[in-house]
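For reference, chains read A, B, C and D in written order, and residue numbers begin at 1 within each chain.
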């Protein structure tokens, strides 16, 4: 099962979290991941992927305009795939939850099945997606990996 | 495939839309639906369902507190199912889109795969879920049925 | 009292609504308005304004990336002013309410006092801001004017 | 200038933060605050207040159903006042930002001027309102007080 990870990163923090998502997802047998920036998307890989993670920094309490522009103008076929998100922010209350929900709303419009695990697999919960302060504390990093692993496991079991 | 439709309705408008959702979903072969209010949920049916639709009136620009209370306190196992929404409002700009997104965010926390078809199957689009002004114009009613049929068709094809 | 109206419009619909906002606001004695696109902002006028309206089309259920980019990169001093919004969408359920709330969240980050009148002045309500389907029906246009007039009136009475 | 602080608290965390809001706001000369739970609101005080802060725990990534029920059913005259929010959550990514925005959207419908200071007074920013993990670290507590003080100061200067 292919899992694509598409992100926008300026400082490198979101890119580091993208790599943790890949690491976590690959713990599930048979999963093959690829990280890519919004400026260099491997269209073939994404179109074969069952799951696409989208990662963004939080600017002004929501996702970056670059990510918004990319989503509005990209021609990728995402319908029927599972869409998940992660976000970085500089401090608590910076708006990462809101960035994630706003991003998820865009994925719904693309026809994706949006998923976050939520509280369904016990602690730690990921309400809307993984969140890190900058590139994450040790605990936050662990949550990112676990989130990605849980997503891969669920999709593996539930989707054809 | 079982599809449950759970709703809160005070004036009866949202209940009427719930019935259209059932009618639309049953156009897909093998689909069996059941409509139920939040006060009288058939737990067994819901737990066997692959898809659960949630319907709400729009109060003060978002979903009703009754729906919020029910979601916060219900013990239904919803994880791994597909979650979809519909809403009624009294006039354009009443907040039905916001009600739907807020409701979808709660379904994510339950561990559901949230889905709206979006723009992925051509016109008419359903960005976040079906919307009706009161109990809907003829065109709005048709959209509700088509939305439900499209959801049932997608889930039938993609989920195990 | 100066009131600035800043908008992004591609088809011309949002521009038409901007003019209705101006017309409505000018019904309050002493109000002086100016409409401007995000590409041609009169900085001096905006900085002297007490109220700034922001108008956007709805793309993919939220405001346009052009508006987001402009907000993220503009250097206008907006803190302490009143911020209001209006949006156009192509059909009911297109996401205009969500576009408005997302836009208002950005204005909060700029330090604005965000205002929508809501249900506080009786029918017709404007929960988050004025909404038009394309350039608006006669009734929707009337609501836009009334919304702007009510905003101007409130700010006139409450702010120094 | 009277400032009311209305909150819902089950564990006592949000109540502790409410007291910090009061402490911060009272640093501005002439400010008189009163904290009250949603079950015991001093209607007279609120109706004389220029600013009302609303505090909520974060449940399932948004504000509590008790707060939603209270807002939907309360008859308080809030129009024309300034509305601000604060929220507690159990861990990063718990949804406090989303709880705050959802709560602010309800205050808009009440006809309030919604305000969060945002990034307009330099670091530390409060994008949508004050956020604490449980009852807050020392740094988070300091931010709460500063947030409330800044709000009181702005309203004092700008409103009649």
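Just so we're on the same page, a residue touches a chain if its C-beta (ideal position, glycine included) is under 8 Å from a C-beta of that chain, and two chains touch if they have at least 3 such contacts.
All values reported here derive from a predicted model rather than from experimental measurement.
J.: Between chain A and chain B, which partner chains are common?
T.: Joint contacts, listed by label: C, D.
J.: Look at the interfaces B-C and C-D and say which one is made up of more C-beta pairs in contact.
T.: C-D
J.: Using mean C-alpha positions as chain centres, tell me how far chain B is from chain C in Å, no decimals.
T.: Computed from C-alpha means, the inter-chain centre distance equals 31 Å.
J.: Need the CA-centroid distance for the pair chain C / chain D, whole Å please.
T.: Between these chains, centre-to-centre, one finds 25 Å.
J.: Out of chain A, which residues touch more than one other chain, so two or more?
T.: In chain A, residues 60-61, 95, 98, 101, 105, 108-109, 119, 125, 127-128 touch at least two other chains, as defined above.
J.: Flag every residue of chain C that touches chain B in the complex, lowest number first.
T.: 60-61, 91-98, 101, 119, 124-131, 133, 140, 143
J.: Taking the touch rule as given, give the residues of chain A at its contact with chain C in the complex, in rising order.
T.: Interface residues on chain A, with respect to chain C: 59-62, 64-65, 68-69, 71-73, 95, 98, 102, 105-106, 108-109.
J.: Can you tell me which positions in chain B touch chain A when the two form their complex?
T.: 79-80, 82, 101, 104-105, 108-121, 125, 127-128, 154, 157-160
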